[in-house]
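In the two complexes below, chain A is the common chain; its partner is chain B in one and chain C in the other.
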Partner chain A sequence: MKFTINTSTLNHHIQHAAKAISNRTTIPILTGIKMEATNVGIYLTASDTNISIQTHIPLEDEEHVIAEITATGSVVLPAKLLTELIRKLPNKQVEVEVKDNFQTMIRSGQTEVEINGLDPEEYPLLPSINENNTLVISSDILKLMIKETIFSVSHDESAAILTGVMFSLDHGKLTFTATDRHRLALKEMHVESAADITFKNIVVSGKNLNELYKILSEQSEAIHIIVSDNQILFKINNILFYSRILDGVYPDTTRIIPAQSKTDVIVNKQKLLQAIDRASLLSREQNTNIVKMTVDENNGISISSSSSTFGKINEEIKMDEFSGDEVNISFNSKYMLDVLKVLDAEQVKIKFTGAMSPILITPEDDNECVFLILPYRTG
Partner chain B sequence: MADNSKFYPTKGRVILHIDMNAFYCSVHEAEEPEKYKGKPSAVSGSVEKRKGIIVTCSYPARKRGVKTGMHVIEALKICPDLMMISPDFQIYKKYSQQFVAICYNYSPLVQVMSIDECFVDITGSKQFGTPLQIAETIQNRVRDELSLPCSIGVAPNKLLAKMGSDMKKPNGITVLRKRDVPHVFWDKHCAFLYGIGDKTASKLEKLGIHTLGQLAHSDLDFLTKHFGVVGKALLDAANGLDDSPVVEERQSNKSIGHATTLPVNFSDIGDIKRVFLNLADQVSRRLRKQQLLCSTVQITIRDPDMKTITRSTTLNTPTEDRKNIFETAMDLFEKHWPEHKPVRLLGLTLQKLAEKKSTPIQLDLFDYDEQDGEEVLTETMDKLRDKFGENAIITAGMLGDDPSVMLRDKKRRGTSLQKDDLSIEHWEASNRDDVKE
Partner chain C sequence: MPFDQFIGQGNAITMLRRSLQQDMLSHAYLFSGVPGTPKDDMAIVFAQAMFCLLHDDDACGECMECKKIEHGNHANINILKSDTSSIKIDEIRDIKQKLELKLSESEKKVFIITDADKMTTPAANSMLKFLEEPASGIIFILTTSNMKSILPTIRSRSQWVPLAVMSNITVRDTLVKEGFSVVLVNTALKMTAGIDSARNLLQTNWFAELRTVMIQLVKECFKNPIAASIYAQQKIIKSTLSEYIDSMFDLFALFFKDFIYLGGGKETHILFEDEKQWMLEHVHKHTMERWMELMHLALESKKRLRYNVSPQLALEKFLFNMKGG
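Showing the complex of A and B:
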């Protein structure tokens, strides 16, 4: 194998692929990135068996020649060294050449590096996925759906299924659900798909989605999502992003979302966020982040918290709408702040269903996303 | 009134450490003198049921060579007329409270260390006499009113007071001053000093420090290098210095625990479950009685070779729920005793306790509406049992014929020891260090 390539393009792609490299892998070959030069371009593959990423560098784009292949072939190079090295090369061009026993020469300007490569035959194959079940979604929407749900996944490995976001697709409606038992985030979007494709209980680890999120562009690029038995594939322009699907059955959350409420409030999101943010400064005792909220028709929303060490805080916010009973509730301010930070609306609707049952938060005129927070029971 | 001031230091404190001698045996002797007075006796588990261990023994028994921690069989070999007594924690508790009450007559600063010992700070107690007079008065009153022997250490700090009470037993009063430290302690092995355990002593040994005198003259930097902050404490202790205050311990318990020795070695998971269910039932009930919640659950497992392990886990949310505590204990057991090798003793301790009314509980999305129902059930069960006794209502899983079932029976529950009645109760001596908190 021998080729020359634009250094910054190679660097860009290696950074993407390296997101699948784990420091804790037990399989030696997976500490490397597989590099394959073909007549249609260069492929970089990295995997930790949980995530696999393959990026494709075409030989040319509309304007420029990116790479020139002198001899096709492949090699596996140590990922950590490769990512560092390519970033630090002096010249715009780099030449990669594999010699006997996978000894690989990397030349750039006056720099010449000889790396001990590994046999690409030992590198595992990418998961094979039947491409029948494909749906198409715009990358900015996928990004939004991840952002609005991922913060609610559990970090408790003892309930592994809750460490993921649950995907379901029914009648062209894609739903992401995440919960850590104390809060829940749900986001729905209409997507293009063959009408007969449905799936449910597809749970993708929050960590993997976080890596995917970093790769997704803000532009509205078409992303193809393909689901198989135990893998989900995201096709992003030149990148294939495979993720393992978590084993297990995701709990049924459909009945958890309350249909009726006792109190409904509409309030300015920014004002509420700032008030709770301030109150949370005094709520850090014993990691409870506990903030108290009382709501009544005359006084509006009052937010308070206290700390035996530092003192107490109390502030009031005017509501735009109120109906129902008075409210007196305590909750984890972090959970509320997480919701308000991702919620994309000027006004939020908060529904209370009781002092010891869920608080429901939605954008004022939007039923596509729902957030639930379970309050604290206080003595 | 005589001027006792000159018997008190102008700066510094006067601390008493009162240690009840052979407490459990002495209590039985006080209750039934005609039966036990002057005779070799020992407290162990229910004698006929188990190959128990001597928890404590009377002075006549000690003279015959019976020691705490011995197997009952062994003890009976060297002392065939040894009278075996089943423990009765209700009585111990009653006597303990009475002797602490006597101490409170001479100072409000009483720190109860366990069921049979306490510290009293009498720095401000001049009106009751000289320190020695107060010690004598307390000792006499404990003897006359409760018929119990005790040893008292009189010293300028807790460390020396504790060492002092240990020097003359039974019925001793020992005054230890700082100036006594060199000739009393410095030729002794490091482990002689209260607070220096075997591990620390052997580490000191490796560093070439064999006696307390050597320790007292060690370089602080050297000790800090090897022991961290403990280094300073070790150096101070060897010099008889200790500035820890006598803290009035009427605050809530640090832990609630229960352990039971099994009649035979258990390895069947069904038996293990029943024992933990009964333990969880009783500890959680006591937790609720005190209006507390726990965040940490710890189990104790002892194998037939007396090797003891404790393993604990911290819960995501504090609990008072029997089921939750039971399940956590079983998870710990399965995780740390996966092969179900035989066990000799099982214990369950609840830690990180907090007052229920000031502890917020994060509700759970999947069972917040069940929690109410569960609680009503528990509350109702508790009420029934408060009124009609512990056996008034139990769950089927608790039924059985091993000692864990007897946990509910306060008089007969044997050497399954309860640790919350007085801040810490002694466990079997072999296990003492494990339970000191």
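Showing the complex of A and C:
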């Protein structure tokens, strides 16, 4: 294998691929990135058996020649070294050449590096996924959907299924659900897909989605999502992002979301966020983050919290709309802040169904996004 | 690396091959055998045999799958080899995390845990969870040289594969194949028990030297007893060998034992083959009783060391007795 390539392009792609590298792997070959030069471009593959990322560097884009292949072939090079090295190379061009026994020469300007490569034949093959069932979604929407749900995943490894976000698709409606038993986030979106594609109970680990989130661009690129029996593939422009699906049955969350409410409130999101943020300062004792909220028609929302060491805080916020009964409820301020931070609206609607029932938070004029928080039982 | 390489393990191999042929793999195997039996290698070969592209009930060692496993590069084979003295619960939790991922229908995942007796009780108990509710396609291979330290609950939930004890001859051949000289291997095997400790002894930098010095010392004693004391002073007391005087007494005893064999006409039994010629010339200098006395003396001196006699004094007294009689 021998090729020359633009250094910054190579660096850009290596950074993407390296996201799949785990420092904890016990499998020597997975500490490396597989580099493959073919007639249609250069492929970089990295994997930790959970996530696999393959990026494709085309030989030329609209204006420039990016890479020139002299001889095709492949090699596996140590990822850590490679990412550091390529970033620090002096010249705009870099030449990569593989010699006998996978000895790899990397030349750039006056620099010449010889790296001991590994046998690419031993690199695990990427899963072959039947591409018939493709779902297309814009990257900014996918990004938003991940952002609005991922914070609710559980970090408790003993219930592994809850560490993931559940995907389901039914009649062109894509739903993401995440819950850690104390709170729940649900986001729905209408997407273009062939009407006959449906799937449910596809659970993708929150960690993996986090990596995917970093790769997704803010622009509205088309992302193809393909689901197979144990893998899910996201096709992003030149990148293939494979993730394993978590094994197990995701709990049925549809019945948890209350259909009716006793009290409905509409309030300015920013004001509520700031008030709770301040109140949470005094609620950090014993990690409970307890904040109390009382809502009544005359006084508006009052938020209070107290600490035996520091003192107490109390503030009031005017509501824009109110209907129903008075409310007296306590909840974990961290959960509420997480929701308010990702919620994309000026005004939020909060529904209460009693002091012991979940608090439901939605954007004022949007039914595609639902957040639930279980209240604290206080005396 | 096919199964055939394991000499003398016919029973275990037949058992493993049968389960491969009938496609009736158990969800957990427990390979046990005394130190030195090739448990870990056998576990690897068994895993290779499951994945081998060429054979159904053996490993070819040539195909890509076999090679990947041999180099530790197979994504579906996890080997837990603990360097520390115990296998902690966190290491078992890591395995658990790997098990949460969905496998496709035909996929197999193999977890090899070597020295499973090193598992702490909490680790072993959390391990039980997988063994009690086996998921399809997941296979555990545990290896141990100490079957008694494995929790009975684990023992009863896995297929036990006992490996045959290696005979002394196999041990010797194995070590010789590893590149140690035959005479040294023979001596080492008399001084320790088991292949691992023999190998450790052979790998030390002092063992061969100690043996040479000991032979030289005996020769000096016959030639010039006074020079022998000086030689001992230079070569042993003043050098790093002084730490191993106890092993030296073992060597003395073995050496004198050889004289007794020679005197009794049992030449094939001797350990110090390289010195046979010299021994034949000198065996008649002492009576059989005297050789036995000397052997006894060597063992007695070793015992004194244990009673905190200074090594130098013990050695000098021994040399003095040897020439004086």
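To be clear about the criterion, the second predicted complex is superposed on the first by the 379 of 379 C-alpha atoms of A that agree within 3 Å, B and C clash if a C-alpha of one lies under 4 Å from a C-alpha of the other, contacts with A are read in each partner's own complex, and residues count from 1 in each chain.
We adopt the following convention: contacts are C-beta pairs under 8 Å (C-beta built on N, C-alpha and C of every residue); 3 or more make two chains touch, one makes a residue touch a chain.
Because the structure is a prediction, the values reported are computed rather than measured.
Look at A:Glu346: by the touch rule set out above, it reaches neither chain B nor chain C.
By the touch criterion defined above, A:Asp196 lies against neither chain B nor chain C after alignment on the C-alpha atoms of chain A. Legend: residue contacts after superposition of the two complexes on their common chain; A:Glu218 is shown touching neither chain B nor chain C. Once the two complexes are laid over each other on the shared chain, residue contacts for A:Asp365 go to neither chain B nor chain C.
Comparing which residues of chain A touch chain B with which touch chain C, the overlap is empty. Only residues 156, 179, 181-184, 251, 253, 256, 288, 290, 330, 332, 356-358, 372, 374-379 of chain A touch chain B when the two sit together in their complex. Taken in their complex, chain A has these residues touching chain C: 24, 26-30, 47, 49-50, 121-124, 127, 157, 160-161, 228-230, 244-248. Across the complex, chain A is touched by residues 316, 355-366, 368-369, 371-372 of chain B. Chain C contributes residues 64, 67-68, 71-75, 78-80, 93-94, 96-105, 107, 135 to its touches with chain A in the complex.
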